[in-house]
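So, here's a batch of structures to check.
Heads up, the next two complexes both have chain A, just with different partners, chain B and then chain C.
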Partner chain A sequence: MVKYTIKRLLQTLVTVLIVATIVFLLMRMLPTDYFFTEEQLMKLTPEQKQEQLQAAGLTDPIGEQLVRFYGQVLRLDFGESRRIQSGVDVVKVIGSKFTVSMRLGCTALVISLIVGVFIGIIQTINKDKILDHIGTGYTIFVNAVPSLVSYSLVLVFGSTVLGLPSLYSTRNPGPSSILPVVCLSLASIAHYALWTRRYMVDELNKDYIKLARVKGMSFKNIMTKHVFKNAFVPLVQYIPTSFLYTIGGSLLVERFFSVPGMGPLLNDAIIRYDVNVVQTLAIIYASLGTIGVFIGDVLMMLIDPRIKLAGKGETR
Partner chain B sequence: MQKNKDDLFRFVEYSAEAAERTGYSDYSYWKSVFQNFLKKKSAVVMSCIFFGLVIFSFIALAIGKYDYAELLADSALAFETPNGEFWFGTDNLGRDYWCQVWYAAQTSIKLALIVALGECFVGVTIGCLWGYVRQLDRFFTEVYNIINNIPTIIYMTLIALLIGQSFTVMAISLICFGWLPMARNVRNLVLMYRDREYNLASRCLGTPVWRVLVKNILPYLVSIIILRLALSIPSTIALESTLSYLGLGLGIDTPSLGVLLRNARNYFLDYPYLLIFPAVIVSLITVTFYLVGNAFSDAADPRNHV
Partner chain C sequence: MKKRTKLLALVLALGMVLTGCGSNDAGNGGSGDGIKDLVTWETSNREMENVFILNSEMANDLNVLGNCYEGLLETDPQGKLIPGLAKEWGTEDGGLTWTFKLREGVKWVDVNGNEKADCTAQDFVTGLEWVMNFHKNVAMNTSMPTALIKGCKEYYEYTKELTAEEALALDNTKFLEMVGIETPDDYTVVYHCISNATYFDTVCVSACLYPLSAAFVAEVGAENVLGSTNETIWYNGPYTLTEFIQGNTKTLTKNPTYWDTECSLFDTVTIRIIEDTTVGFQLYQNGELDHIDLSEANLRTIWEDENNEYRDQLAEKLPKKYSFQMHLNYDKYNEDGSKDENWNKAAGNEAFRQCLYYGLDLTKYLERYNFINPLKLENNAYTMKGLLYFSDGTDYVSKVNEMLALGESDGKTTVRYDADKAAQFKAQAMEELAAEGVTFPIEIDYYIVAGSQNALDNATVLQQVFSECLGDDFVKLNIGTYVSSLSKEVVQPKLHSFVINGWGADYGDPQNFLGQETYGEDTAYYSNNYSNVNESTDEDLIATYKEFTELVNKANAITDDMDARYQAYADAEVYMLQHALSIPIYYEINWQLTHVNDYTKSNAMYGIQNYMYKNWETSVDAYTTEQYKAFEEEFNN
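Our next item is the complex of A and B:
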């Protein structure tokens, strides 16, 4: 187990390093014009531009820049932001944003877990009846319709019918985060409902459930003691990843409701050539993704002792 | 003795027709697929609606009173609610919304179909190689991990900045990053089937690799491939609308759903029709594809055939 954990963590490290390198190289492919603001582009002479680029170390050979970058990453020094909030440590810039994203995301995650699993259970109990069909209709709708459209519908409904604020404001975070949270939960409720239903129905068809019925166990007991417990195991795998992804925020939701979170940061940073921010974000996202899958695997193993991971490298 | 036997048995004339009859089976794969598919009334109705919609989008553009290419901004006509002249009303610049919506629907469908087919082709090819050729497994796994771990938004932003925004660029870049799930799915299935006994036998008999792949393995994958293909259409439409909304997708002069909704974002609280028309049409398209895809992939699974 320990050996396996170390191996997986090393793999994660290698992946993150490769990702960081690729993002670093990709950013160097951008024309240096993006380094300057439009005003600077017009006013500065080519010599001045060259000077500034040199001062920022962008004219050095790529290899040299890359070595310097690795040095910084190893010292966990991610540099300063240039244009997003100029002169502020990247860690601070990201820190102030990620709390906002994480608060919204975690609320949405808790809501969608509770509501989604609940809907899934209701659907299983009323299988092939009207409630089940309504639930399935909801999952199909959310999965098929572009999220931009469903967010717009939520926005129109929420703000015209319920009178909720249509934009996020830091002065009034309570009510103004209701619509973003609803939008964030829409898809994951459907996701959890779908999988809860599928796993529970699979479980219900197994022979040991028939046995439990025959020996006279009540339906309620069968559901709580056997079906739900077993159906929840595969669901657990997704929770860490979804939790970690809340840190990253949702680009679309945050842009749509003007939430000052992590989501739109990456896009903004690339457009404004804020290299340090982009690289740090890429490292964060890559680590979140890989670590999330890993924690999910470990968690599943802890809950269900029959599952063994150490046999093969890849499990899924 | 000898004579008797000759009386009892005699040779029949060779008849091509009779020979055919013994070896004849009524089973044809695609015929069964369609038979199974047609049994599902809801899916049939939905696909009729979809084709109707596509055909109508052409008719709609033809019978509309305004042509997309000749739209003029006229602020005096801004925010006309739907009426006899402007069937879907006008947008914030006073341009006819009817032709914009139908044009956008066509763009979305066209893009989604191209991307889905491209993804399917690239994904299946790479997935087969990845699953079948052992030496390539590590390489493709690494490629998959790396592409999958870098946020798509980095690629899309860089592409928009470096290459520019157009329909072709968009289609190609969506294919470049969209083949991953298909390839992974195909790879896992190929891994499952490649070492079955009948494939071992084929290999021992010297069947070329491509024939093993195409004749022995691919038929098992058809239903999964069709499902992915059908599901990738709604998700491509969604991705395109997201990207266009963020300003990374199609250019502002190519109306697509995302561009329409981005333009309407500030106004549709007061003028909900700016949202409703594109939303309803696009939802119809995506829901239809979702349902039809599911039904068709069930029908395409040879294990469900009688």
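Our next item is the complex of A and C:
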């Protein structure tokens, strides 16, 4: 297990390094025009543009820039933001946002897990009955209706009928988080309900369940001791990644409710050619992704001892 | 007796509270129901990026920072210059030397309003040194000082040769030796211009000439100034930025030490970031915003329902500061990289351009921007109205319109539209161009951003206007798309037949508009980037441009008589328009629901102060359409 963990961590490190290098090179491959706003692009003379690029260190040879970048990463110095918050340390820019996203995201995830899995169980127990159809209807509705439409419905209903704040406010984080959390949870609840139902129905149709029934095991025991436990295993794998990805925030929800989180940050940083922010976010997301998968694997193994992550000469 | 006095005092105090008397209260037009804490908005794609005013060139930042910092001058609702930190100013040699006398007792404060230092003439030297020091301000905001103030260019080049460490360590000594700025005493600043800059004072409301406290630089360290946050910068403006949550909220709080104790300020101004105006409309309905611009859809919903609760609250905004023009491309290329000779010959032909000038009835197109009052958007001049005035108070653009003698509107079509003239020019153009080998219909390529239904709808209407007014036998408007950047994908490869673009002034002189269209000059923005006239080989066109350029330069040389100067510019502008070198299209006038009287805001066509929350008249109840019409009438008289 220890050997496996070290091996996976090293793999993670290499993956992150490769991703960071690719992102670095991709950003440098973009025409330098993207460094400027539309107005600057047209108004500045070629000399003025060159001077601004020079001041930002973007006219140095790529190799030199890459070595400088590695050196900075090793020192955990991710530089300063150029456009998102001009001159401010990237870590500070990101740090102020990720706590907001994580708090909302984790709340939504917990709600989604509890409500979604519960709905999935209810649907399974009432398979092909009215409650099952209602659950399926909800899942189809959430997936079929464009997110912005459902968010608008939540906004109008929440603010007009329930009198909740329409936008997120740091002065009033509790009540103003309700609508964003509801929107964040809508799709996840449907997701967990759908997969819980599917895995549980699959389990119910397996031979060992039929045998358990024949042997006179009660429905309740079958559901709790076998069906749910086995159906939950595939879901568990994705929970750590989902938790870690809450740091990343949601682009749509955060934009819609003006949540000062991480969601729109990568998008904005790319559009504004804020190289340091893009590179740092790429490193963070790559790390989160690989670590999340690793923890998911370990968790799955812990819940179901039949699963082996590393056998003789092989890894999962 | 004592009881009576107490009672009287109580009544008086109560009266004062109810009527909102006292200094530094938000304006209310005397009705006693003004807003104390304004809640305004900005869309998420225009979020602020920089809190250090000298390092920013973006309206997103400057709209907020204009409240945190105070410059030499301010602008009033008519767009005229009024005293700011300078209580008096002037030039005695036709704009070569400008002297500004500063008021005393102005303080720099921290974010909490604690006094840090006095604001003196030295701060303007420190500010300009910072801007012109290559390593300190990384080449931002340098263009106007370089073009206007003696020695700025040389100092900039000098600092560029230094190492970053050396440049950051520079104080003002070398700067004062090299650059045309001096401070005879603590409250006088003198600028020496390269040539007669009669409009130099209008540059004083731009960020490049704002002050910077040397004590602030010493406190945070020169290397950390560009990384300043709202909590570390020093303020000398009417507000301090007490809260800045990127992507969510900015809060401006009244600066208790602000010099202008007679003005009205809000206690706080909260700027909420919203996704778009549709979300904003929902917030306005909930009472969470004090004003909101209306999208076309929201405006139609309200306008077309007479029982809508907001129907009698629709308020028409003042024109934005951009004059939109159709800039023709005289050196157009096809997408395969070959020259589009067919278009280039047509654009060079004056009769063809006159067809565009007189032959397009743009009413339907203008309805796309303001379907209630489309003709109000009609623009027939090149310079933006309200930019400057003759000494008798006549707006420069009114003079241009008068000289153009386009006649009166019939209330149905645009003033400029003249079907008879257009038919004559069409026949002439077709004959002349056919002789040059031009094939018909002439393909006209117009580009819009991909994925925008609104842009596509606007372009489709324009396409219909071209078709109906000029005829399918003559021209054919093709709508192309670009993905993200008009300049990178269309303008630089010269794919456009024309671009419709708005120009907002950098300073208050016609040179800033007409100087962008001159021939053979590096500083002419539109000639070099959009019309590409310098690359044209059409001799008639070049001769017309040269004549126009001569008229502009002649006007620019007049520095001792401002009326004569403006008249000369008006002659040049009329010449340009009569030869249809550029086709004026529209002004932007939108609709809103609001608790703010826009006619009390600063409304300059240049500078950074139109979002300065000072002396704004507001009302707790939303203003009605009737009230707004009355404001407009009063403003225009």
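Basically, the second predicted complex is superposed on the first by the 286 of 316 C-alpha atoms of A that agree within 3 Å, B and C clash if a C-alpha of one lies under 4 Å from a C-alpha of the other, contacts with A are read in each partner's own complex, and residues count from 1 in each chain.
Throughout what follows, a contact is a pair of C-beta atoms (placed from the backbone, for glycine too) under 8 Å apart; a residue touches a chain by one contact, two chains touch by 3 or more.
Small disclaimer: the values here were computed from a predicted structure and weren't measured.
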item: Contacts of A:L266 with chain B and chain C, given as first, second, both or neither; value: first
item: Touching partner for A:F98 - first (chain B), second (chain C), both, neither; value: neither
item: Touching partner for A:S258 - first (chain B), second (chain C), both, neither; value: second
item: Touched partner set for A:V19, first chain B, second chain C, both or neither; value: first
item: Chain B versus chain C as contact partner of A:E80, first or second or both or neither; value: second
item: Which of chain B and chain C A:F35 touches, first, second, both or neither; value: neither
item: Which of chain B and chain C A:Q52 touches, first, second, both or neither; value: second
item: Contacts of A:V278 with chain B and chain C, given as first, second, both or neither; value: first
item: Partner chain in contact with A:W195 - chain B first, chain C second, else both or neither; value: neither
item: Footprint overlap on chain A, comparing chain B with chain C; value: 31, 155-156, 159-160, 166, 255-256
item: Residues of chain B touching chain A in the complex; value: 141-142, 145-146, 148-151, 153-155, 157-158, 161-162, 234, 237-238, 241-242, 245-246, 248, 257-258, 261, 265, 268-269, 272, 275, 278-279, 282-283, 286-287, 289-291
item: Complex contacts: residues of chain A adjacent to chain C; value: 31, 33, 37-45, 48, 51-52, 55-56, 80, 83-89, 93, 96-97, 155-156, 159-160, 165-170, 254-256, 258-261, 264, 268, 272
item: Chain A - residues contacting chain B, complex; value: 15-16, 18-19, 22-23, 26-27, 29-31, 34, 140-141, 143-149, 152-153, 155-156, 159-160, 166, 251-252, 255-256, 266-267, 270-271, 278, 281-282, 285-286, 289-290, 314
item: Residues of chain C that touch chain A when the two form their complex; value: 44, 47, 49-52, 55-58, 134-135, 138-140, 142-143, 160, 226-229, 245-249, 272-275, 279, 282-283, 285-286, 288, 485-488, 491, 522, 525, 529
